[in-house]
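See the structures that follow.
The two complexes that follow have chain A in common; it is paired with chain B in the first and with chain C in the second.
Coming up: the complex of A and B.
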C-alpha cells in the first residue's frame, strides 16, 4: 500500500473510516437508546413524586426522595445486606474456585464430565435455580439438603423461614451457581502458566503452601482481580434467584437493595422513590467499578 | 517392611484416591441438583414426597401432561420465550457482529471510546433500567408487547456480543483483508464475502449466549409482560404461589426450561467455556 499516491491513500483511509462508522453506528445508537437514555430518565424520575397509587399528588419533589432515604431504616438495612451478600459470595467463589482449580489443574481424567457439570449451573435460569432450591433442596425433611442435614445428625434447619438462615441460604445458592466461573477462569490461567518457575520451586525446600503463596499466586493474580471485579458486578445485579427463593423475606431478611427497589417500585408502585433507590444503586456500581479500575491500574 | 520406594508409591496412591473423591464430590455438588430436578419431574405424585427420598422409581410423564395440557400458560410461555429469545438473538447478531468487526479491525476516530461505552453499558444496574422502562412503556402503551421486551433483552445481549465478536475477529490474520483490498473489493464486500465466513463458529457461540440470556431472563419479563406475552420463567411461578406446592408440574416445566440449554451445553461445552472465560483470561 506504500506505493499508492498520497491522495489515494487518504481517500482509502477516509473510506475505511466511513465504513467503520457505518458498522458501529446501529449498535451505538441502539445502546444509547436502551441504556443511556433510561438512566438519564431514572435520574430525572428520582426528583419527582411518582406514586401510581395516588397520582393526584404527583409532581416535582426536589431532593425529597433522597432526604427520605437517609432516614429510611429499611434502606440502610438493604445496604448492609447488599454489602454482606456481595462480599461473602465473592470471597467464597474466589476461595472455593481457587482451591478446586489448584486441585484439578494439569489435567485429569473425566474432564468432559467435570466441564459439563460445572458449566450447567451458570447457564440455567436463575429463576429455576431459586425455585428448585426453595422446593427440592431446602424444604424441611423432603428437601435433599435438609434430609442430609438430618441424616448427618445436625437436624432440620429453618433454611428459608428464619431470617439469618434465609440469608445463609441465598448466599449458598449464589455461591453454588457461580463458583464454577471462578473455578474455570483459574483453571484456564493455571494451565496457561509457564512450568519453569513451578519446577524450580519444587526443587526448593518450600512446602506446598509457600509454593502456592510465592510462586503460583503472583502468576495468577491478574485472573484473581478480574474474577473479583466481574463477580462483584454480577452480585450487585442479583435479583431473580433471591426473588424466587425467598422473595426478599422472611420480612426483609434477604431484601438486598435490588429487591427493595423492586418492591417499592412494582409492589407499592412508588416509582419516584424507587428511581431514587435505583440512582443510588447506579452510583454505588459506578463508585465500586472506579475503585476496582484504580486498583487494577496500580497493580 | 517399607522401602522408601513403596511409601512414595503408597503416598501417590493415597493422593490419587483423594483426588478422585474430590473429583466425584465436585461433580456431584454441581450436577446433582440438576439431576434431582429431572428425576423428580418423572416421579409419580406418591414417589415425590417419601422418606428416604426415592432414587429408583417407575417413571411417568403425568406431570408433563399436566403442565402442558391442563393450563395453556406453560405452552404459551414456551412459545413466547422462543419468539422473544429467537428474535433477540437474530437482531443482536445483526447489529453486534458488524460492530465487533469494526472495533477489532478498522481504525476510526473515537473507536476506543465507543468500544469502552459498549463495555460499560452492560454494567447499568437492571433494576435502575427497569423503572424508567416501565414508566416509559406504560406511557406509550407498550407494556405487554413483544417489541418492548425484545428491545430490553437486547440491552443485555448487545454489549457482550460485541465484545465476544471483537475477540473472534482479532484472532484472524490481517492478510485476509489485505488480499481482498488488493483485489479491489470494497470493505463491505470484504466483510460479507471474505471475513464473515471465517468466523461462523464465533457467531454461533455468540448466538448461543444471546439466546440463553434472553431465554432465562426474569426481572424485565416479570415487570413488562402480561398474560399474553408472559415468558416461561415468569409462568413457572404459577405452580408454587399457592400454599400447596405442585412439585411435579413445577419440575416438569423447570426441565422444559433447562432442556435446550443443557442440550446445547452437551454439544458446545468447550466453545462455551472458552467464550465465558475469554474476557477474564485475556483481560
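Coming up: the complex of A and C.
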C-alpha cells in the first residue's frame, strides 16, 4: 500500500510528460526541418564539388574545398573584415549602449518619448535598415548624414563607394540598429541594482566616474558579458543590412565572411566551396561563443 | 567632530509633507536617537542630513558649515544603512578600504586602519570574504567598520540593528554604545524600536507624521511625555488610556469613568481644575497598577475591581490583562503573583504617577 502512491503519481506524471511531448512535437519537427537539416546538408555539401557553372566536374571532393580556402586570399581578407566589423560594432554597442543606459538611469526630462525613439531601430528589419541608410542617410548631399557632414564643414563623403568609407558605413549601420538592444539590457540591469550600495557610493567616492567604474560597473558586469556574447554572435553572421547597403562592395571592401560565402554560392554558383565557407563561419561562431562562456563562468 | 543643526527643515515628496518644520541642535559628541512609528519620516530626516535627499526648505549645518548645497561626499559623514549596503562584488577588506582608496590615502595607511578597525569589531577573520558569505551580524559589523574607518565628523545610523535577531541586537547595542564612548563622534541613530531608543540615546527625539513631538532624555520622555502620542509610543507594554471625565468631589477632584473613580492627588489638582466637567484621557503605565493587597508604599492609591482576562508570564514580570466594565487595562506585576484567568481582583493605582491628557489636543495636563 505504501509504494502504491508514488507509482500512481509517476503514472500521472508520465501522462503529463507524454502530453507535453505531443504539444511540442509539431514545432520540434518544424525546427529540425528548418535548422538541423540545412545544417547537416551544409556540412555534407562542403565535401563535394558543386559548381553549377561547370557541372561536369561535380562530385566527391573530400577536404579539397578546405585546403583551397587556406590558400584563398579573398577568404583571409573576409576574415580580417569579419574581425574588424565584429570587434568594432560590439565595442561601440557596449559603450554607447552603456552611456545611454546610464543617462536614462539617472533620468531626465522627456525621457518617455526619448526611450521609444532610442528603441525604434531595433524593430526594423535589417534589410529595410540597410536600404534606408543607403538612400535616406548616406546619399551624397541629400542623405541626412552627408548633409550634416557638409553642414559641419567636413564636406561630402564617399560613404558607400570608397572602400574604407564603406566599411565605416556598414559598421555605423549595424551599431545604429543594434545599440538599442545593449541599451535595453543595460537599463534593465541598472534598474535591478540594489539602491543602497549606490547611495553608499555617493558618500564614498570622490566623483561620478569612480562611482560608475568601481561600484556600478562591477554590479552590472554579468549583463555586459551577456551583451558581448550575444552581439558577437550576431555580428559574426551579419548579412542583410550589409547586403542591402553595399552588397559586400565596393569590390570586396565590406565582404565579411558571411557575405563571401553568399557571393560564392549564389553569384558564382560554387555551392560546395560556399558550403565550406559557411561551415567555417559556423565553427568560428561556436568556438568563440564557447570561449566567451568559459570566460564568463571563470568570472 | 561636529555639531549638527537642523533649522526649520521641511521635506515634501510631491505635495506630501514628510518632514515638517524640523528644528534641532545636536551637540558635538552626542548620541541622538530618532524614534517614531514606521513612515513617520525618520529615514527621510537622516537622508536629508546625509544629503541623499534635497531639502524643500530650511537649513542644515554640520560643524559651522551650511551644507544645504554640499554634495554628500563632502559632508564628512558616514552612514550605516538599514540593509548594510555593502558592495556585493568586493571583499570585506575592499569594502572597508573603498572610501579611503577613492580618497587616495596611501595603501599602507589604509591597511593599518583596516587591521585596527577589524580587530576592534572582531571581523579580522573575515577580511577575504564577500558580503554574500557573511551572516547578518557580521555584515552589520562590516558596515559599521566601513563607516568608522573613514573617521567622519558625524555618524548616521538608519535602523542598523533591525535585521538582527534579538540576542545579537542587544549585544550590538552595547557594542555600539561602547564604540561611541571611545570615539565620541556625533551620532544620529534612527530606530522604530522605542526600547532601543530608550537604552541608547543621550537624548531621544520622538517623531510622528514628520513632526517632532518631544526631545529629551529618555527618562524624562518616559516619565513626562508631552502628549498622548509620546505617552503611548514610549513604553512597553504601552500606557493604558481611559476616556474619563474630571469631576469635582467635595474639595477634591477625581477622574471618573464607568466603573472607575480615581482620585487625583492634591498636589496636582491645580493643573486640571479648569477641566472640571470636561472629558479627558487618563494614562496609567502598567507598572503603576498593583494589587491592592500589596503593602502600599504611597499615600495616594485609588482602587478598583477588575476581572483577570489574560496572564502573560515573562520571567522577570507578569503582564496581566484585566477588564473593568468596558475598559481593558494592562498591569505589570511581580513575577510571583498568582492570578487565574476569570478571577476578580482588587487593583490599586498609584495616582501621583498617572497622566491626564486633553482629549481634543492630546496635550498632557498632568
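What to note about this one:
One rule holds for everything that comes next: the second predicted complex is superposed on the first by the 287 of 299 C-alpha atoms of A that agree within 3 Å, B and C clash if a C-alpha of one lies under 4 Å from a C-alpha of the other, contacts with A are read in each partner's own complex, and residues count from 1 in each chain.
By our rule, a contact is a pair of C-beta atoms (placed from the backbone, for glycine too) under 8 Å apart; a residue touches a chain by one contact, two chains touch by 3 or more.
Note that the coordinates shown come from a computational prediction; the quantities given were computed from them, not determined experimentally.
After superposition onto chain A, partners chain B and chain C are found to sit side by side with no clash. By the touch criterion stated above, A:233 is placed in contact with chain B alone, chain C being left untouched. Look at A:154: by the touch rule set out above, it reaches neither chain B nor chain C. Centred on chain A, the angle reaching out to chain B and chain C in the chain A superposition, using CA centres, is 80 degrees in steps of 10. Contacts of A:100 after superposition: chain B is touched, whereas chain C is not reached. Once the two complexes are laid over each other on the shared chain, residue contacts for A:76 go to neither chain B nor chain C. Once the two complexes are overlaid on the shared chain, A:261 sits against chain B while remaining clear of chain C.
In the superposed model, A:281 makes contact with chain B only, not with chain C.
Looking at the superposition, the partner that touches the larger set of chain A residues, chain B or chain C, turns out to be B. Legend: residue contacts after superposition of the two complexes on their common chain; A:196 is shown touching chain C, with no touch to chain B.
In the superposition on chain A, A:219 makes contact with chain C only, while chain B stays out of contact range.
Overlay on chain A (Cα): least separation between chain B and chain C is 5 Å.
Across the two superposed structures, the residue set of chain A contacted by chain B and also by chain C is empty. The touching residues of chain A, counted against chain C in their complex, run 194, 196-197, 199-206, 210, 214-215, 218-219, 221.
Those residues of chain C lying in contact with chain A across their complex are 50-52, 72-73, 75, 77-79, 81-90, 98-99, 102-103, 146, 150. Residue ranges on chain A touching chain B, taken from their complex, read 1, 15-17, 19-21, 23-24, 26-28, 30-31, 34-36, 38-39, 41-42, 45, 50, 100, 103-104, 108, 110, 112-128, 131-137, 139, 141-142, 144, 147, 176, 180-181, 184-185, 188-189, 192, 222-223, 226-227, 230, 233, 236-237, 239-240, 243-244, 257-258, 261-262, 265-266, 271, 274-275, 278-279, 281-282, 285-286, 289. In the complex of the two chains, the chain B residues touching chain A come out as 19, 22-23, 26-27, 29-34, 36-37, 40, 48-49, 51-53, 94-96, 98-99, 101-103, 106-109, 111, 114, 117-118, 120-121, 123-136, 151-152, 154-155, 158-159, 162, 181, 187-188, 191, 212, 215-216, 218-219, 223, 233, 236-237, 240, 245, 247, 250-251, 254, 257-258, 261-262, 265-266, 269-270, 272-273, 276-277, 279-281, 283.
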